[in-house]
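By letter and in written order, the chains are A, B, C, D, E and F; residue numbering begins at 1 in each of them.
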Amino acid sequence: MNPLVLWFHKLGSPPYFYRLAGRLLPWLWGLGLISLAVGLYGGLVLAPSDYQQSDAFRIIYVHVPSAWMSLFIYAFMAVNGFIALIWRIKLSETLAMASAPIGAAFTFICLATGSIWGKPMWGTWWTWDARLTSELVLLFLYFGVMGLYQAIEDRRQASRAAAFLALVGIVNLPIVHFSVNWWNTLHQGSTVRLFGPSLIDSRMLWPLLVMAVATKFLFAASLLSRARVDLLELEAGKDWARQVALADGDAA
Amino acid sequence: MNSPTPPETPPLLQARGLAYLRNDEPIFGPLSFRLDAGDVVLMEGDNGSGKTTLLKVLSGLLPPSAGEVLLNGEPLTLARLSHQVALLGHLLGVKGELSPLQNLRFAIGLGGLRPGITPHHALKSVGLEGYEDVPLRQLSAGQKKRVALARLLLVPAALWLLDEPYANLDREGITLVNRLLELHALRGGAALITSHGAYAYTSGTPRRIRLAAVDPELAA
Amino acid sequence: MNSPTPPETPPLLQARGLAYLRNDEPIFGPLSFRLDAGDVVLMEGDNGSGKTTLLKVLSGLLPPSAGEVLLNGEPLTLARLSHQVALLGHLLGVKGELSPLQNLRFAIGLGGLRPGITPHHALKSVGLEGYEDVPLRQLSAGQKKRVALARLLLVPAALWLLDEPYANLDREGITLVNRLLELHALRGGAALITSHGAYAYTSGTPRRIRLAAVDPELAA
Amino acid sequence: MSYGTALSACRALFVRDFSLVWRQRGDALNPMLFAIMVVVLFPFALGPEPNALARIASGTILVALLLAGLLSLDALFRSDFEDGSLEQLVLSPHPLPLLLACKIAVHWLTTALPLLLAAPLLGELLYLPRSELPVLLAALALSTPLLSLIGAVCVALTVGMRRSGMLLALLVLPLYVPVLIFAAGACNAAGQGLPVLAPLLWLGAGLALALVLAPLACAAALRISLS
Amino acid sequence: MSYGTALSACRALFVRDFSLVWRQRGDALNPMLFAIMVVVLFPFALGPEPNALARIASGTILVALLLAGLLSLDALFRSDFEDGSLEQLVLSPHPLPLLLACKIAVHWLTTALPLLLAAPLLGELLYLPRSELPVLLAALALSTPLLSLIGAVCVALTVGMRRSGMLLALLVLPLYVPVLIFAAGACNAAGQGLPVLAPLLWLGAGLALALVLAPLACAAALRISLS
Amino acid sequence: MSQFLSMGGYGGYVWSSFAIFAIVLALDAVAPLLKRRRVLRDLRGRARRAQKRSEETA
């Protein structure tokens, strides 16, 4: 077999993944926290204040990375859900279901910080504009996926049903992202571009990018630790899970 | 699995290394067995031993976790399946609001009609003459079960999967089920039925029914 | 009705000319019978002959259309009734989300506790040791039934009304029911149980159980 | 033999119902989410101008909470009926109205109370004037138990029916209208700076009455629909 | 042996589902009554001034119909699941998406169509300007089948769950929001004398897409939740 | 320092945003640890039950 395919097969085996994730986790947490510290320092201290918004603009360093993560995680969840539905790979099921609460957390942060930011900038906590609304719908989609997953007894059937729902809900992603272009709204259009010149000062930009990287690491770390626990729970009947539990019990 | 199958006639139903896991716990172990035309097999097992689950896997409602099911030598696919298979589960699949006749007409529309029999005939032969137009909910549990049995008579399926067909029936009803099974076997059909050990034996079982215990240990 | 009752001990349960009509159609005719301490009566009848309905009338859930029910010689009133009567119906009255222990604790809170027995003991004697904390929905149908049987052991009721207690149970379970009935009769309780003729006889029924057919024609 | 007291029966019922809710604590949030979503639908349907929304805010919140309560009502006796626990409850030697009052109390605590706590958030979403919020909360605090009690009587009547959801709505909604009128009356009065005490007092009086009568009626209705 | 064609299977399904609705024709009116009552609650909650009501009329009617549809959705597969008919349907040799499309069609014809017919009456109750009525009806005619189709997919996912009502609402409402936005957009445009064609065309496009995809998705979802 | 904290008059907004960010992510990080403790306890109980059963049968 092709070594890549072989590695993929190995990765899909829960005990292997459990061990691998356990080894990766400290690194992910470490990198995440370091880049978080750098990003926060850059954003809160080094970046100059905005000529229009004064220091309030610094909310951008939590708002925008969380917003990006809310979309990114949904896409991640849907892709894993797709794999789970087609190939019935247990690891994908676990990853999809483990990412839902993290995505919901980032969506919540985006909504909360956005509305805190809106108060000084727009004079209101909340308006019913397309981006805000579709982001709220995104939160409900996350809740729906989590609720459906909780509601079904059989874990594997539950994750397949919830993955299906996640796939159906993916139509909302482009709406969130392009809403500012499609409808004219209060919310800011795209200012950060990967390709072509960005529209903001580079001294303001780099902490934002660092924060974006930091949230990715934090997501990866949280995802892996959730997936590990979920695999333990799913595989409770298996030998390796018992060994893990007993080893841990002796250590504790 | 090891028993050589006669090459000329593939068995009506064959299970090869069939297993089902729920939440990763085995519900029934790897099972291999076959049913040929004319076979009636009684499946026994204690509460929760997986009888209902096995029937669902055999009918295609649940995907097996391991192994495969062959119908007439071909692997079971969801499409064009139930021309071969009729499942009668704990839930009868009949509507309480409709009459026996309406229920049977719907079943025929869905599953087709065996030649030479009408819904009226079928109702008569399960002892429901005169109840053709009474809504099912006004019938007793045993009479409802008889309507479901009439459906088996009408729909052209060679393989019957019956989950506890004797439950809820009084003695007369039990005899009826045995008569239907006998007829079906004579016509070249096959049936796999489940029952709680204690019950099925009690009525004078007709000779022609071959009983075989399907157990993980006893797998043929 | 005509049989003279011994004046010194009123019967535990007495039915006098009991009848029930549903939509003006008689479900069971005027029935008169009595149960004394130590009696276990098996009630037989075909599908739809009114067994479940009779048990509901006797327990006080349904008001009789004619006749009356006497408990210890006093007419049945809804208040302070079930200290005497425990009903186990088709529906077991247990919660799938809760564990056997939680279910039994609730039953005790509602109905009281017989002295000298604990929920743990009761679960052990119905063969559910080790399942104390598993949510009931993860148990099989037969095991759920056993939890309901454990309830009977705990709650201090002299009269048991059991609707098809053997249904869903495998052979071992059937023996368990018979043992429980025997014990109950020994302790001076009485029980009225229903069953589809064909089933209950199959297990080696203990001697002490007096079987009596309660039929409209046979009314004692 | 220890037959147990009515008090111990109530305690057992409380313990059991709370454990049931706890086992399914995800479900317990659903009425709240439903109410939030109904409220969220209105800005879409009516357009997003804050002034227009503010005018209908209190009324919409009342209706949304009422509907959420209505939908959760269906579950009050359903599972108990389906698994036969309700029969056991009716056959218990303790006063049925008391036991039912306990059930209704648990139901209110686990479904209506979260709704009450979410009301300020809903108000924010619809630009409810801050000055109206306390009155709205007071009106809700008095009317939701009233709605639960009235609703319980109707559920008891429809228990055991298949597809009772819609029928229940039809039975319950006419009875809810007077409650709604007084609650909305208080909110509207607050919006116009008028005194709000009178409608709130009416609600309180209704609640006191219902606290006494509804469990009795509920028990009677349950006996009817079980037979 | 005559195995029957897919067409005859569809016909049998139509006949059966219509007879079922006919046998319980009282129930079939329930969604309509529910919608009427929700609409009637609003004048109580908001006060009776015609102008204020007229402004919210089309939006309220949309929300009321959406909720009524949502509640009736629950019944789409429930009874078929409970009595085992759904298993028989899935096991039938004919294409499941086709059979499900038939079921959804019957459901729309028997629940949403009466609602559509009642819409003018509801408009009258809320003083909806006559000029807006045709647009409202057009928006409803396009959006209600869309809602039924989307809803069916979610019901298929929750079939077989106890207490699915609230969860269903949670799953369905986020997906309903875009439909509501376009439908309300058309009505509001009509109220302001703006062109209404664009949102209606969007609805039409969505409906065309859903007509093709929803039955397939529904069949897939059903297979998942029956296994 | 106090100038830094006041954030040009927007201190309340800025710091509450960052606080929400920190708290929610901290909760998100702690949740799997708590769940892990529960799962391990269940697993150990299960292992003990299995051992007891095998001792009984042996």
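We take it that contacts are C-beta pairs under 8 Å (C-beta built on N, C-alpha and C of every residue); 3 or more make two chains touch, one makes a residue touch a chain.
On a predicted model such as this, the values are computed, not experimentally measured, just so you know.
Asks: Among the other chains, which touch chain A and chain E together?
Replies: B, D
Asks: Taking a step as a move to a touching chain, how many steps at least join chain B to chain C?
Replies: 1
Asks: Can you list every chain in contact with both chain B and chain E?
Replies: The common neighbours are A.
Asks: Relative to chain C, which chain's C-alpha centre is the most remote?
Replies: Of all chains, A has its centre farthest from that of chain C.
Asks: Which chain pair is joined by more contacting C-beta pairs, A-D or A-F?
Replies: Contact tally favours A-F.
Asks: Just how far, in Å, is the C-alpha centre of chain F from the one of chain E?
Replies: Computed from C-alpha means, the inter-chain centre distance equals 42 Å.
Asks: Please report how many Å separate the Cα centroid of chain C from that of chain D, as a whole number.
Replies: 37
Asks: Find the geometric centre of each of chain B and chain D from their Cα atoms only, then give the gap between the two centres in Å, rounded to an integer.
Replies: For chain B versus chain D, the centre distance works out to 47 Å.
Asks: Between chain B and chain F, what is the gap in Å from one C-alpha centre to the other?
Replies: From the centre of chain B to the centre of chain F is 51 Å.
Asks: What parts of chain D, by residue number, touch at least two of the other chains?
Replies: Touching at least two other chains: 24, 27, 30, 33, 37, 40, 44, 47, 79.
Asks: If a residue has to touch 2 or more other chains to count, which residues of chain B qualify?
Replies: none
Asks: Give the residues of chain A that touch two or more other chains, as numbers and ranges in rising order.
Replies: 133, 140, 143, 147, 151, 236
Asks: Help me check something: in the complex, which residues belonging to chain A touch chain F?
Replies: Touching chain F from chain A are residues 40, 44-45, 49, 54-56, 58-59, 62-63, 66, 101-102, 105, 108-109, 112-113, 116-117, 119-120, 218, 221-222, 225-226, 228-229, 232-233, 236, 241-242, 244-246, 248-249.
Asks: What part of chain C is in contact with chain B in the complex they form?
Replies: Listed in rising order, the residues of chain C that touch chain B are 46-48, 139-143, 167-174, 196-199, 201-203.
Asks: Inside the complex, what are the residues of chain D that reach chain C?
Replies: 1-4, 8-9, 11-13, 15-16, 19-20, 23-24, 79, 82-85, 87-95, 223, 226-227
Asks: Could you please specify the touching residues of chain F with respect to chain A in the complex?
Replies: It is residues 4, 7-10, 13-14, 16-18, 20-21, 24-25, 27-29, 31-33, 35-36, 39-40, 42-44, 46-47 of chain F that touch chain A.
Asks: Which of the residues in chain A come into contact with chain B in the complex?
Replies: Residue positions touching the partner: 154-156, 234-238.
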